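Both complexes below contain chain A, partnered by chain B and then by chain C.
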Partner chain A sequence: MTSVTAGAGAVPRKPKVGSLERQNRWALRGSYAALSVFVVMFLIPPFYMIMTSLKSSAEISAQKGNPWIAQNPTLENFIYLISNAQFQRYFFNSVWVTALVVVISMTIAILAAFSLSRMGFKGSQVISTGVFLTYLVPPSLLFIPLFQIVGSLGLINNTWVLVLLFPTLAVPFCTWIMIGYFSSIPRELDEAALIDGANYLQILTKIFIPVALPGIIAATIFAFTVGWGAFLYPLAYLYSADQAVLTVGIVRELIRGDVFAWGTIMAACVMGAAPPIIIYTFLMDYYVAGLTAGATKG
Partner chain B sequence: MSQVSIRKVVKAYEGDVQAVKGIDLEIGDHEFVVLVGPSGCGKSTTLRMIAGLEEITSGEIWIGGDVVNDVPPRDRDIAMVFQNYALYPHMSVFENMAFGLKLRKFPKDDIKRRVDDAAKMLDIEMLLDRKPKALSGGQRQRVAMGRAIVRNPKVFLFDEPLSNLDAKLRVQMRTEIKKVHQLVPTTTIYVTHDQVEAMTLADRVVVMNHGVIEQVGAPQELYHNPQTRFVAGFIGSPAMNFMPCRLEQAAGALRVRLSDKLSFPVPASRTARYSAHAGKSNLVLGLRPEHILDARPHVEPDQHDFDMTIDVVEPMGMESLVYFTVEGVPVCGRVSPNAGAAAGKSMKLRADLSNMHLIDDSTGKVL
Partner chain C sequence: MADSTLAIGAGAASTPRRQVGSLKKLARRRATTALLLCAPLIVLIVSLKVYPTFYAVFLSLLDRKMNSFVGFDNYIFLLSRPSFQLVIFQSCLFALTAVLMKALFGFVLAHLMHNIRGKNQRIWRGLLLVPWVIPLALSTLTWWWLFDPSYSAFNWTLNWLGFESIPFLGTTWNARIAVIAVNVWFGAPFFMIMYLAALKSVPEQLYEAAAIDGASAWQKLIFITLPMMRNIILITVLYSLIVTFADFDIVRILTNGGPQDSTHLFATYAFTVGIQSGNIPRGASVSLFMLPVLATLAFFVLRDVMKRNKEIST
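Here is the complex of A and B:
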């Protein structure tokens, strides 16, 4: 019928064979290209950091050959740092501060998120929004008023100040992540648990925490990053070497005036970056998406 | 002793919206009662109030001789099966079923015995080590039922448990639920919007609409003697036909007049019941599709033949549904597939007036 109405002179169009497949192929190529740029951009600095950490001071200052490759790889920078008592102190301070920050932040965030997402009390919506709004205030603006508060508490130049302050940065975002996860858990699950005989604490510990494990891991990673990688607050509030943490310690110890010990700095950076990478890799194994599959009709 | 009494129970939400408007219901020991009604009729809210998942605005709920208004769900000795199964995704089937028993500190060997018994009854013994995500919809619903059974509660509550299953599995699980109730005769309150489920499962059906109970009765009673137009229309599939009519008295006999051309004599058995309404015009004749048949050679009492032009024919295999209009109102009949029904053609049909219902259009009550 259509060929008749199209007229005698019309040439039938050749159907585009495989056009969808071709479109998909191009989309895939585009994705690879964009991702390659992204990967190169982000991997060059760590690569350069690792390479430099494996060079001796002589090789770095010689400025000969390919700067991207260590000609005579050596672990002397790492050995120096590991045997350096001051560096050990920084590292140890960072570890215990971060561990406490993670534990405190996650405890508060999980309890807050559970009550805000599930207990449905008056004003819970407003508080949920308020929690997120506090996260939007830049820490770099807060540190001056906080300096006064910390000073009045007598915590200037005391590592415990970080245990007090870092959770204020980590809790809002962790709570926000956890509210999202807890809200995605079907309400029937807590109702079933209530009828099964669980109280709210048991619902939280036996149902919510295991089910929301991917969310808890994501929030934990965030809290860890806040504690481990922070620079501004430790720089502002801690001035003596025995109280400093790794991020500030590297700068204080290894940059003397205008002398940069590049090899040791980079080795310190590698050692500083190693714990998060190891922890992320370890936690990623447990970061199983779709854990709630099968709870309710999918 | 596991009767459930609902006395003048009201559930009002903010803004004075009443989901349940002061209902009364007595459910006997071991009885299987189905709450049925359209979406928003208050049936699920009623069930959730019995479970303790919703607070009661006013009234009293009694379970096993105790007022449970302020008793938390875990202390009401009830078990509930949810529409979405609500299985704990991180636990195995065994752990799901044992969870309530563990919380109640049952001995380990007792837990194992109870779970094994329930699993055997529900034919899920081979699934005990699996996680819910590795189960099909029907298997998940069995596990949810198992979780309820192991606790041996006073009352089972089912909240539309079959709504998520496909049609075939739904029929199968319906039978399973009935079988389980025969094996474990626990007081059961079952909520559904599917009147077929209600009719097939219930000892008594409670039809709800707009937060009130329209009628309570055995399935057959609701089918044959609905008290309101809503119940008459809700129970039965396809739904009852409602045709505006007036009741005429001529030569000492009552006739239901549907149009100038179409009227039927009222059966003698109904004359006394309807005579007080003679002459009324705001009436509705209710006649189920199964009581509009194809005309047959032999004459039956209270059955009257009439001719109609058929608009649509729906062959169902063992029968055909025919649709026609009476005074602009669509009417459905169930005829034999061999009766020769064809769209656009006239057909001789037969109305079985012995099963007629006369409804007062202004009150919605069946006369």
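Here is the complex of A and C:
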């Protein structure tokens, strides 16, 4: 259909096609130009973050010259931070908390999604909907009652509180993504396995997990981002420096009100932002898939 | 129990009956397994999401020492306070303006991006998604440093171009615009990705047919693109309204509610009242003011999602 019309249009009216092509070329150039402006605007903060991290305290406090460029780039801020026991503690805390949160969240999400998408029992539809609904309950609604609950558990100012609470942020969305991916696996596959005598555990590990691997990676990235970047819960429940994670550690402990520490703060931000950025550069497609999964799969 | 004995008894009489019985047993075992697999999820959500929500309502009805019930006194007190009325105003302003701007930027960006095909699109998309990837607390710190009153890089540029310095976080409206700007910067890439995915799903034939009929670019936008994207635009905006309305990180770090409590949102105000000043019941009431708005938005999101689910399953 389309090839016919295109062919018919091309023969008698050649100049028209040429002008259309020219028009398209200009649209393309315009798009590039506009996108360049946006890219520059969007990348100002990360750029400035990196530039400041390369400045010495003396250079920042002098307040002379162009602030956008580091005049005498130095790595002293990074060296200071890497050898700083407090920063090491934040980083280490963030790493183990995030690792545990990812493992716990993904285990819960995969088991539940498998059950909800395949083993259809009474009320599974209600649970799926409920899970999605709790995903829409923001942490800023819950942090005050949770303060009381966490306090009664004796977990205030204990990093473990994050291992308990962060899964609540990650699990609903991860489950939602996984339900979408699991539902797209043809039923014949697990029926065949069932007939061959496989049990549910085998079906899950031998069929569902390998087939839905892209979804699992996307959900894992999401859980990682949550565990690494969440700010409200650690700010509310952890008050001493040795229990803090990166986000609160940097915001609360490194800021002591003087201008001169900004080089160090920005270096800390660069190091804090590096793990997500690195994962993102290598797994961008999964990252994007995870972002859009909520809307296109569900 | 009764079922299984019945099945066994029936099984003695005829073989096909027994098959049904064991199938039933199998089905029941299947349901038990299914419920067991869901159990961790249910426990987690009920104990740390559902229960706290109701507990918050209970807390908000107590007095400061949490000894006695005071009914709706906390809510009434808050509503009568000008500083809290400002919080309501600022939260609505923040959420509506920021989401509108994000949607607009996202829409424009998605269209620009859609013009570029192939490998180049990946690269540009990758660059534009960076704001979304950096942990928000850390990028907000950078914004603070960019806005810094004593040594703002923006002001240096303005001076260099011959303009006066602007106290970005110093006056009420500047600070309000600044927090909205940071939120737009952070959230626009998300809208772009969603809208780009939606654009890609619009069948190319529709545009070809419209082109043959002599439709202008504007007509294509109004009569093809927008109707086809309607669902995703709606759900993205609703979802983003929820998240933006409940936002905490940006205001907390950038202004901490200042100047003169004019940029506080529900979340940051609840933090100040509930955690920092230690008035748990009143803090709980502050954050519960979000509930009606969030519930309404969630209702519409849910309705849309259910509709789509039905469409997929049929």
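Note that in this section the second predicted complex is superposed on the first by the 236 of 298 C-alpha atoms of A that agree within 3 Å, B and C clash if a C-alpha of one lies under 4 Å from a C-alpha of the other, contacts with A are read in each partner's own complex, and residues count from 1 in each chain.
Just so we're on the same page, contacts are C-beta pairs under 8 Å (C-beta built on N, C-alpha and C of every residue); 3 or more make two chains touch, one makes a residue touch a chain.
What you see is a predicted model, and the numbers here were worked out from it, not measured in a lab.
Undergrad: Which partner does A:131 reach: the first (chain B), the second (chain C), both, or neither?
TA: second
Undergrad: Which chain, chain B or chain C, ends up touching more residues of chain A in the combined arrangement?
TA: Result: the larger residue contact count on chain A belongs to C.
Undergrad: One more residue to check, A:211. First (chain B), second (chain C), both or neither?
TA: first
Undergrad: Identify the partner contact of A:64: answer first if only chain B is touched, second if only chain C is, both if each is, neither if none is.
TA: Touch status of A:64: no partner.
Undergrad: With both complexes superposed on chain A, which partner does A:28 reach: first (chain B), second (chain C), both or neither?
TA: In the superposition, A:28 contacts chain C only.
Undergrad: Identify the partner contact of A:188: answer first if only chain B is touched, second if only chain C is, both if each is, neither if none is.
TA: first
Undergrad: Just chain B (first), just chain C (second), both, or neither: which does A:148 touch?
TA: second
Undergrad: State which residues of chain A lie in both footprints, the one left by chain B and the one left by chain C.
TA: Residues 291-292, 294-296, which sit in both footprints.
Undergrad: Can you tell me which positions in chain A touch chain C when the two form their complex?
TA: 1-2, 5, 9, 27-28, 31-32, 34-35, 38-39, 41-46, 48-49, 52, 60, 63, 66-68, 107-109, 111-112, 114-116, 119-122, 124, 127, 129-134, 136-149, 164-165, 167-168, 171-172, 175, 200, 225, 228-229, 231-232, 235-236, 246-248, 250-251, 259, 262, 265-266, 269, 272-273, 276-277, 280-281, 284, 287-288, 291-292, 294-296, 298
Undergrad: Please give the residue numbers of chain B that touch chain A in the complex, ascending.
TA: 51-53, 72-74, 78-80, 82-90, 99-100, 103-104, 131-135, 137, 140, 147, 151, 164
Undergrad: Inside the complex, what are the residues of chain A that reach chain B?
TA: So the residues of chain A in touch with chain B come to 186, 188-189, 191-199, 202, 206-207, 210-211, 213, 290-297.
Undergrad: Contact residues on chain C for chain A in the complex?
TA: Listed in rising order, the residues of chain C that touch chain A are 30-31, 33-35, 37-38, 40-42, 44-45, 48-53, 55-56, 59, 105, 108-109, 112-113, 115-116, 122, 124-139, 141-143, 145-146, 148, 150-151, 153, 156-157, 185, 188-190, 193-194, 197, 201, 205, 208, 212, 232, 235-236, 239, 242-243, 246-249, 252-253, 266-267, 270-271, 274-275, 280, 283-284, 287-288, 290-291, 294, 297-298, 301-302, 305-306, 308-309.
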